[in-house]
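Below you'll find a set of structures to go through.
Presented sequentially are two complexes of chain A, the first with chain B as partner and the second with chain C.
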Partner chain A sequence: MIRYALLALLLAWLLLGGLLSPHSIAEPHWTRLFAGADFAHAHFLGNDAIGRDVYVRVLFAARVSVLLGLSGALVALLIGLSVGILAGWFGGFIDQLLMRGVDVLNALPLVFLLLLLMALFGRSLGLIVLAAGAVLWLDFARIVRAQVLKLKTLPFIEAARLLGAPTHRLLLVELLPNLRRSALAYLAVLLPKVILLESFLSFLGLGVQEPFASLGGLIADGAIDMESQPLLLLAPVLVLGLLILSVRSFSARWADQQP
Partner chain B sequence: MSLIIEGLSVARADGAQTLSAIDLELGQGQSVALIGESGSGKTTLGLAILRLLPMGLKQVGGRITLNDVCLSSLSDDAMRAIRGRRVAMVFQDPQASFMPVCRIGAQAQAILRAHQRLSKAAMREKISARFIEVGLPEPEQIMAAWPHELSGGMRQRVLIALALLNDPEILIADEPTTALDAVHKAEILALLKRLQARRGLSLLLISHDHAAVDALCTQKILLRAGQIVERASADWQSGYALALANARPLLPETRARLPTLDDPAPVPKAARQALGENVLRVRGLKVRFGARGWFKPAPAPTLHGIDFELNAGEVLGVVGASGSGKTTLGRALVGLQAISGGELHWQRAAPDRLSRARRVQMVFQNPYASLNPSLTVGFALAQALRLHAPALTRPEREAEVLRWLNAVGLKAEHRLRHPAALSGGERQRVAIARALCVQPAVLVCDECTSALDVSVQAQILNLLKDLQAALGMALIFISHDLAVTGFLSDRIMVLERGALVESGPAASVLQSPQSAAAKALLAAVR
Partner chain C sequence: MPSLFVWLLKRCAFALLALFILLTLTFFLLRLAPGGPFDAERSLPPEQMAALQQRFALDQPLAQQYLSYLGDLAQGDLGPSFGYPDFAVSTLIMQALPVSLSLGGWAFALAFLGGLGIGILAARGRLLGRILDQLATLLLAVPNFVLAPLLVLLFALTLRWLPAGGWDGPFSRSVILPALALALPVMASIAVLMRASLAEVLKSEPSQLQRAFGLSYFAELRGGALKLAVLPVVAYAGAALAQLLTGSLVVEQVFGLPGLGRYFVLGALNRDYTLLLGVVLLFGALILLLQLLTDVLLMWLDPRIRP
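Presenting the complex of A and B:
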């Protein structure tokens, strides 16, 4: 019950939290540098180094992080599922090729890979999503491959084959639905991972660019001014923590309830 | 010490009751048996006592008291202290009851640690003592073994020893002998009896095996569809109980249909109508697994020199002990196993995948694995129809699905169920419907009743017989059970070590078997 309430509350806040505040994300208030909370003027969490409203910035940053997390996780799931199914189902040379590819990618340091992509293609939100997906699918591909190896020997696959089902139908109708539990469970792992990864990139200054912000960027900025205005650090940290907590507990539960 | 169950009811989330108003009393040192077909709720009752009901099932009424303590009022922690310590359970599948990646010793220690604080040495000593008690003379070896290294009989013994580790007062044994062959079964039953006498253990035996129950228990409770039908201490009285005992085919089988619970006295066997034209000719069929290596001779073929013919409308029984190659023969016929020699000559040419599918279909042995767990029954059947009758509109296809469900004795409501919500017999009916809805010329049934209860087996055998007569397809029925095969078949082939050792009309094979293999199989069902 608590996990539903928490998730509902977070979603409602992400969607409607903007209604509470009249301020915009980039608007500076020069009289309120590092000011504390001021409810009379709807600065619920105070203002940052150039007087921007912290509440609004955290809200926008949380939206950006959730969207990036979801799309990054979906990209990773999609690549992982495709590679895992192809490798597990066809076996032999294809399996060797794909899995050794996974090994090679696994051996490369993740950050190096990301920096390489950033250097080649410049910084953009879309690229961050792709980059996160592109480095996080490796483990999932292995999980899927192992499951497919097991599933493909079961009689229901043989029965469908005997009925004359073409390969694409075997994969999509018979195999794929049986992988949704793992996919959901892994989504629970991936989502926070992507959010954390983006936060880490923003922390390095490679993520979402000003005036927009992501939770990681806010935390990085907040850490600098931690002593003069602790809310700058605490607010985004708290939101990130709650987001990850609720997504994890919720989607793990969701995966368990699949038939 | 006594376990008392009063008016226990368990219901599914949709309100359907899987157990209703069960009363049961198990006193110190008593042994009570729960008997029933699969789906009768006997395992559910065992799980309800331990409060381990699976998701979707809930106790909705009644109380379970252990020494005047109501179990449903206990906190989870208090319940955990009872589970394994005072009431222990031996689960049905000995293979699945072990963690495959831990040695037996480590698993035993975990069970001890859940309830007691003991030193390592004390734990080892206790575990050894239990292993010796259940007739495992070398406990050190067992502790160091992995679960997969144990044989079926040893696994069952180890499981019993693990259940007894914390000296429980009550042991619930769920089908402890089902997975075992006749010899091991007798040993395990004797062991349970000995343990019960020596420890004053109260035993709740869950089984569908009437002989096993008679050997072990003083009180028997017969469950049907979640209700108690009869309590007995010696012979059964009710018609249902006697019908269960009668559902097995007898030799020589003279009945046209087997007696089932709905139809206890079917009409006698009629003469078979004339057979149709030839559909399949097999010449010198050979299957060999593995190839000759550089330094290794070629392995012996699994099947060799198989010759036979099959006519339309004929039922051909294939019998043999395990390892005789009968399953391989079935798989080779449907094309799931590549053949290494000989030829399969089908009357009907099949240039593409779909016409091959309409030539021969198969019903598999294990109904739990032959249906896709993620798809509803209706969707699975619709898939088959979508492939083979793409011209059908959606409502026509739905109607066709219903027609096939009816043909195999299922109802419209089954269309929306997942396989997990079906009993073994219902699943096998779905598998039969799926195979037949493409209207194959030949249907291969590979041990398709061996995973089912006898009464369900009788229903499935009758169904196959009816469908075969109605649709006129040829049926190849593969089984290790000569009585079952004799009931269905016009002709029987006996396989031994990959070779065809005997073949002839069913009546003559059953009455005067020539080969040693046929005689042995016949002795096993007498």
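Presenting the complex of A and C:
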């Protein structure tokens, strides 16, 4: 019950939290540098080093983090599904090739490679999403492969094949819908991972760039100025923590139900 | 045992091959990336730029550069740094290595000892164990880059017990906070892993039999349960090191420590080719070496997987 309430609350805040504040993200208030909370002027969490409203900054950063997290997770799901289905369905040489590839990638410290890529090839939002997705699909490909191996022996596939369905129909119409539950569940596993990965990059200055900010970037800024105004650090930390905990509570439940 | 020797030889060869691939990939990735090491000095007249390029052999064909880098490397020479032209890369690394090594050593010890201890207590299922287990699960959601500033805020700025940054040597008070910030997330993963693994062992029939004969929890641990349960945790060591290395990038930045993590980020951003390659080589060698050690340790602990 608490899980649903927390998730609903977070979603509502992400969608409607902007209605509470009249301020914009980039607007500086030069008389309020490092000021604390001031409800009379609707600065609920005070202002940062150049007087921008912290509440609005955190809200927008949270939106950026969640959107990037979702898109990165979707990229990972897509790659994982494709590789898993190909390996599981066709078996043999293709299976060997793909799965050994997964093994090799698994042995590499991929976060470092990701860091290197971000530092070397600029920091566009698209690249972050692609790179994060490209790093995190490995486990899901294994899960999908195992499921496809099980599914393809079941009678309904045999029946469809006997009815003369072409391969692409077997894969897309018969097989794919049966993977939707695991895909949805794995989305809950991936989402916090992508959010944390992106925040880690942003913390190091290699992620989302100004004028946008993600929670990791705000935490890095807040860590620099925490002596002047602890709220700058605590506000994004709290939001990130709640986000991760909320999504994790769903994925942990799912992991417990797995045999 | 000749088969063991052959196995070890194979593993070493594989590790060297992996290191070589890593190095080659990084080398060409770096050259593919837009920008060069001297872009900050864009205002230089072209002839001086050409002289700089020549001094660092950047005017030669790429294949030539790659081969000469490998040749120097074979003689233990990592080349001059592009960003700090008066220093050799090996000098820079040797300056930073003691800091990173002692920080990482403390964190590694803390993570494994603490994680194992908490896991053992938690698997018993008493109240304290359950509380610790919940704490560890909660801590899993808190990454280094959140933990480090929070620790500084609490223990350095508010309570004023410990310094907020800087480095006074591996046995000073200045190492406590960074080591904690680095170790706690890894400790949490190890605790959760150990709890699950030990709970599994304790559910097995020999274990239940021992308990039926009235053996106490700790006697049972000594009598083999611990040795069996610790296997997945040992296997986790390689991943833990990778986690610590990534964490060190953040922790060194927050505490302003003069370690290797700084060189990794700076080297990539400033296109300091040789410095970055040196750090990548060192990190890669560390991870591969630990994986090798882990495999040997696992075989020693678990006769079932010996070749």
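Some notes on this structure:
The rule is simple: the second predicted complex is superposed on the first by the 241 of 259 C-alpha atoms of A that agree within 3 Å, B and C clash if a C-alpha of one lies under 4 Å from a C-alpha of the other, contacts with A are read in each partner's own complex, and residues count from 1 in each chain.
Heads up, the rule we're going with is that a residue touches a chain if its C-beta (ideal position, glycine included) is under 8 Å from a C-beta of that chain, and two chains touch if they have at least 3 such contacts.
Worth saying up front: this structure is predicted, and the values here are computed from it rather than measured.
For the composite obtained by superposing both complexes on chain A, the positions of chain B and chain C are in clash.
In the superposed model, A:159 makes contact with chain B only, not with chain C. Looking at the shared chain after the overlay, A:245 reaches chain C, while chain B stays out of its contact range.
Between chain B and chain C, it is C that contacts the larger number of residues in chain A. In the superposition on chain A, A:178 makes contact with chain B only, not with chain C. Once chain A of one complex is fitted onto chain A of the other, the partner contacts of A:230 are limited to chain C, with no touch recorded for chain B. With both structures placed on the common chain, the touch criterion links A:112 to chain C but leaves chain B unconnected. In the overlay built on the shared chain, the residue A:40 is in contact with neither chain B nor chain C.
Shared-chain residue A:1: touches no atom of chain B or chain C.
Across the interface of their complex, chain A is touched by residues 18, 22, 26, 29-30, 32-34, 137-138, 140-143, 145-146, 148-150, 152-153, 157, 242, 245-246, 249-250, 253-254, 264-265, 268-269, 276, 280, 283-284, 287 of chain C. Residue ranges of chain A in contact with chain C, taken from their complex: 107-109, 111-112, 115-117, 119-122, 192, 196, 199-200, 203-204, 206, 216, 219-220, 222-223, 226-227, 230, 233-234, 237, 240-241, 244-245, 248, 252. Considering their complex, residues 55, 334-336, 352-354, 356-357, 360-362, 364-366, 369-375, 383-384, 387-388, 418, 420, 431, 434-435, 438 of chain B touch chain A. Residues 154-156, 158-166, 169, 173-174, 177-178, 180, 257, 259 of chain A touch chain B in their complex.
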